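Look for chain A in each of the two complexes below; its partner is chain B in the first and chain C in the second.
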Partner chain A sequence: MATYIIRRLLGLIPTLFVITVIVFLLMHAMPGNAFEALVFNPRLKNAAAIYNRLVQENGLNQSLPVQYFDWIKNLLQGNLGISYSLNMPVSELIATYLPNTLLLAVTAEIIILVVSIPIGLYQARNVNGPFDVLSSFIAVLFYSIPGFVFALLLIYLLSFTFNLLPSSGTVTPGVPWSGDFADRVSHLLLPALALSLPGLAYYTRLTRGNSLQVIVADFVRTARAKGLRGPRILFRHVLRNAVIPIIAQFGLDLGGLFSGAVILEQIFTWPGMGELSINANLNRDYPLILGTTLLFAITVLIGNLLADILLAFADPRIRYD
Partner chain B sequence: MAANAVSHASGVSRAPKSKSPLRLSIERFFHSPLAVAGLVMLVAIVFVTVFAPLFTHFSPSQPDIMNTDSPPTALHPLGTDGSGYDNLARVLYGGRVDLTVAFCAAMMTMVIGTLYGGVSGFFGGFIDTLMMRFVDVMLNFPFISLVLIVEAVFNTSSEWVLILIVGITAWPGPARLIRGVFLQLREQDYVVGARTVGCGNWRIILRHMLPNAMSFIIVLVSFQVAAYVGLDAALSYLGLGVPPNVASWGGILNTSTGYMSLRTEPYAWVPPAVMIVLTILSVNFIGDGLRDAFDPQTRT
Partner chain C sequence: MGGALLEVRDLKTYFVSKQSTVKAVDGVDFSVSQGRVLCIVGESGSGKSVTSLSLMRLVQGPQGRIVSGEVLLEGRDLLRMSERQMSDVRGNEIGMIFQEPMSALNPVMKIGDQIGEVLVRHRHISRREAREKAVELLRNVGLARADEMVHEYPHQLSGGMRQRAMIAMAMACQPKLLLADEPTTALDVTIQAQVLDLMRALQKETGTAIILVTHDLGVVAEMADDVVVMYAGQIVESGPADEIFDRPLHPYTRALMDSIPVIEEERERLRAIPGTVPSAAHFPEGCRFADRCSLVEGRCRERLPELRELGPGHSVRCHLA
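Moving on to the complex of A and B:
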């Protein structure tokens, strides 16, 4: 297993290389650069000279291949460069913003799995019963509602109408209990719900469909004939086999959840990677663009890798050697 | 029925005319209540957006400056926004942008995806490996970053730029699926037959394999449309949607969901949100119906 993971991690390098090359080329095709705005400051007497110096210091006057390989060279030494617009090391910025996005995405994933798998299993057990029909209908409806519409509805209902949860930010400012656990959880709940609800519906459908295929299998009938109890059959025999395609999907969705979080972060003014990468692009902040893109790409790739590894644990028949 | 009548009239006894697979699929589609409901809903939505002037005499781009920020009145049934634009007119006309984006973007990704996946699946071997490696890279590409950059490169935002961006970024998913279909079709007897007769590669791909992959592709298109209806709205939150003077569902949602108006003016943001959800829902119903109609065995 260890050699497999190492081989897969090494296999990521060419993919990351191609992605960063494409982003690098596109990034330089964007009109303007980070320092051009400086020229328009009336207090600067020698604006052109300062502009030229900044361009030179940051190597923007060199040819693109040279710039790219400089970036790679620094990257290999663990240096992602210094953000032009925020004047801080890119790695430090990412370390500040990434935990927020991770917290959001991971909470959403947990909500999705914890809620959708039991519902899907229960639907499959009582297929075409009233609960199945009702919850299947709700699932189709939820699946058709984009995350940002959920966000608006949740804010309007839970925050403005019933005043249960805060609608923006990560902590309540200016109170003694600002930033304690309950405060953070209450701020996290709305965005995480908005992020998880569309996926919730999809995973419920997936669990139901997979369980329906497994539930008619011979080994389930055998388990029942042996006299095992219902829940044990459902969780040990059915779920164990139905969960495999869900895990595969889970890994693929991890990256999508990150992208989805970008939009919800804007609505909930959640200070995460979305804000960082959008501002980086708007400011032509080349090191920050490359850093955030690299991170997003790595997340997607790690998600895929994680799915494959989890698959091997869930289904011992799958072997990677 | 008609065939029977003809055969009786001519006095020749014949078995009743068998129905073509397409005809059977269409019949199955129209026997599914949800699919028909979806179709009716979508037709209704397209109707009110295309014939928007029948339902409102306000223009989506002419503000009524005497009635800015008005709550719903007899004159403005859904009120007006801060600049005096009539919300109802913006919702009705705005659908044109969102539906155009969704439909054209889906078509564009499918055309690119079908060509790419078709060629990759048909030729197989080294070409397939190479082409699929690139698809892997593109599938791992962070979508949002790419949208941000491409939009900045074009330095403008309009519905056509949105469509182009989706076309450039979203084709790898469909391409991979269609490649799988073509890999299967390649082994079919009629493909071998066509090659034996001496058909060229492109003729086999376009005339023999594509029609057989068509049912799969149509189903995929419907789900793609559903995915892109909300796209303009989602990108509007990043400041990347269509320009503010163009009415679109996403634009209305974005402008009328500031902290104050989200709370006090649900009449402004609920209608476009409902329109987006209804469109996605109806397209999903149609997609489900099409899938069941073309391939009754996959029915769940």
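Moving on to the complex of A and C:
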């Protein structure tokens, strides 16, 4: 297993290389650069000179391949460069913002799995019953409405109308209990809920569908013929098999959830990777764009790898050598 | 046949949907005594599997319904038991094995756990003890590698090994009755013989009664003490095996015997019975075999013949017999 993981991790390197090339090219295809705005500032007398100096200092006058390999060379030494707009090392910025996004995404993922799997399983057990019909209807509704619409709805209901949960930031500033556990959790709940809603609906459907297929399988009949009772059959035989495709999907979605957080972070003014990467792009902050995009790519790849590893544990028919 | 272990009376199992009522089993009576082997034979679709599933109350609901009858196991009517009481019978007093040993085993559960599970359920022993017992049970069905096999998954075993493991599982609690629905159909010919020998040996050793469902008269000749011939959801002939083979009275039974493959000039010739089984949704008025019977007369199409006892334990459903 360990050698498998190492091999897979090494296998990610070529993929990452291609991704960085594409990002690099696309980034330079965007009109303008970080310093052009200076030229149009009427109060700067020697704008052109400053511009040229900045361009030169940051190596932007060099050809793209040279710039690219410079960046790679630094990257291999663990240096992601200095953000133009925030004047801080990119690695330090990521270290500050990444945990917030991770917290948001992981919480949303936990909400999704903890809620949708039992619901889907229960729906499948009592298929076409009143609960199944009602919850399936709601699930389709949730799934077909974009997450940010729900975010606004949640803010309107839970924050604005009933004043139950805060709707912005990670902590309440300027109070003695600012940043304590309850404060952080209450700030986390709303964005995490908004982020999880579409996934919740989707995974409920997925669990329901998989379980329905498994419930009619021969080995479930065998389990009944052995005299096993409902709960054991449902969890040990049905769910244990139905969960395999869910794990595969879960890995694929992990990266998506990460980027899905981008929009929601804006709505909830959540200081995470979304905010960082949007600002980077608006400012043509090349080192920060490369750093954040690389990170997004890595999360997608890690998600896939994680799914494959989990899958190998969940399904003995998969060989990982 | 006083003191029968299992007695089935007027069993009717229908599949009811809005469009039609499929009378898969339409009034079946038979009994099995302790330590005997009863074979149920008949063409595909004659209701053999539904009969055996009905005995275990494992017919796929909600369409599949046992509409009437009694299934008396040592005098207790299984059809009147609560689901909970019934689950105490399954795997404990009646063991069951199925046609496809691959799909009948849970693909993601170790063989040892699948066997152990039935012991934990009915014998209330610890999981560790159950695993030790599983090794012993696997040895008893002729699997020499039992020690390793308990840690393996179904896909790691051959078809014959899987069916042996299924038998070990079904026999784990030393049931009074073993129900086997085409246990060798999916296996190679040589393996078929081995598995049948194993069942014979276990039956001798433990005194378990066996109901063996098959469409293979060769298997019947080798295994059966008693035979039930089914056609279109009903019994058309039943009796001791010698009687049936020496003096088949029903034209369908005779036709079945004629359709046994004969090796002639080194090639197999199979005389199939002309025509097809009537649809279980629209049975004709009279004898259900009338359309395919070479001896058909006017009265055959008017009235369904009764099952009449013509010799000691030998019953036939035919006007002409």
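To be clear about the criterion, the second predicted complex is superposed on the first by the 312 of 321 C-alpha atoms of A that agree within 3 Å, B and C clash if a C-alpha of one lies under 4 Å from a C-alpha of the other, contacts with A are read in each partner's own complex, and residues count from 1 in each chain.
The rule we apply is simple: contacts are C-beta pairs under 8 Å (C-beta built on N, C-alpha and C of every residue); 3 or more make two chains touch, one makes a residue touch a chain.
Bear in mind that the values here come from a model prediction, so they are computed numbers and not experimental data.
Bringing the complexes onto one copy of chain A puts chain B beside chain C with no clash.
In the superposition on chain A, A:G255 contacts chain B only, with no contact to chain C. By the touch criterion stated above, A:P130 is placed in contact with neither chain B nor chain C.
By the touch criterion defined above, A:P42 lies against neither chain B nor chain C after alignment on the C-alpha atoms of chain A. Look at A:G78: by the touch rule set out above, it reaches neither chain B nor chain C. A count of residues in chain A touched by chain B and by chain C gives the higher number to B. Once the two complexes are overlaid on the shared chain, A:L301 sits against chain B while remaining clear of chain C.
By the document's definition of touching, of the two partners only chain C reaches A:R240; chain B does not. Once chain A of one complex is fitted onto chain A of the other, the partner contacts of A:G174 are absent, as it touches neither chain B nor chain C.
For the overlaid pair of complexes, the smallest distance between C-alpha atoms of chain B and those of chain C rounds to 16 Å. Within chain A, no residue touches chain B in one complex and chain C in the other. Residues of chain C that touch chain A in their complex: 56, 58, 60, 84, 87-92, 95-96, 98, 100, 103-109, 117-118, 121-122, 153, 155, 166, 169-170.
Note for the complex: chain A touches chain B at residues 15, 18-19, 22-23, 26-27, 29-31, 140-141, 143-146, 148-149, 152-153, 155-156, 160, 167-168, 209, 212, 255, 258-259, 262-263, 266-267, 274, 277-278, 281-282, 284, 289, 292-293, 296-297, 300-301, 304. By the touch criterion given at the top, residues 216-219, 221-229, 232, 236-237, 240-241, 244, 314-317 of chain A touch chain C in their complex.
Within the complex, the chain B residues that touch chain A are 136-137, 139-146, 148-150, 152-153, 155, 226, 230, 233-234, 237-239, 253, 257, 259, 262-263, 266, 269, 273, 276-277, 280-281, 284, 300.
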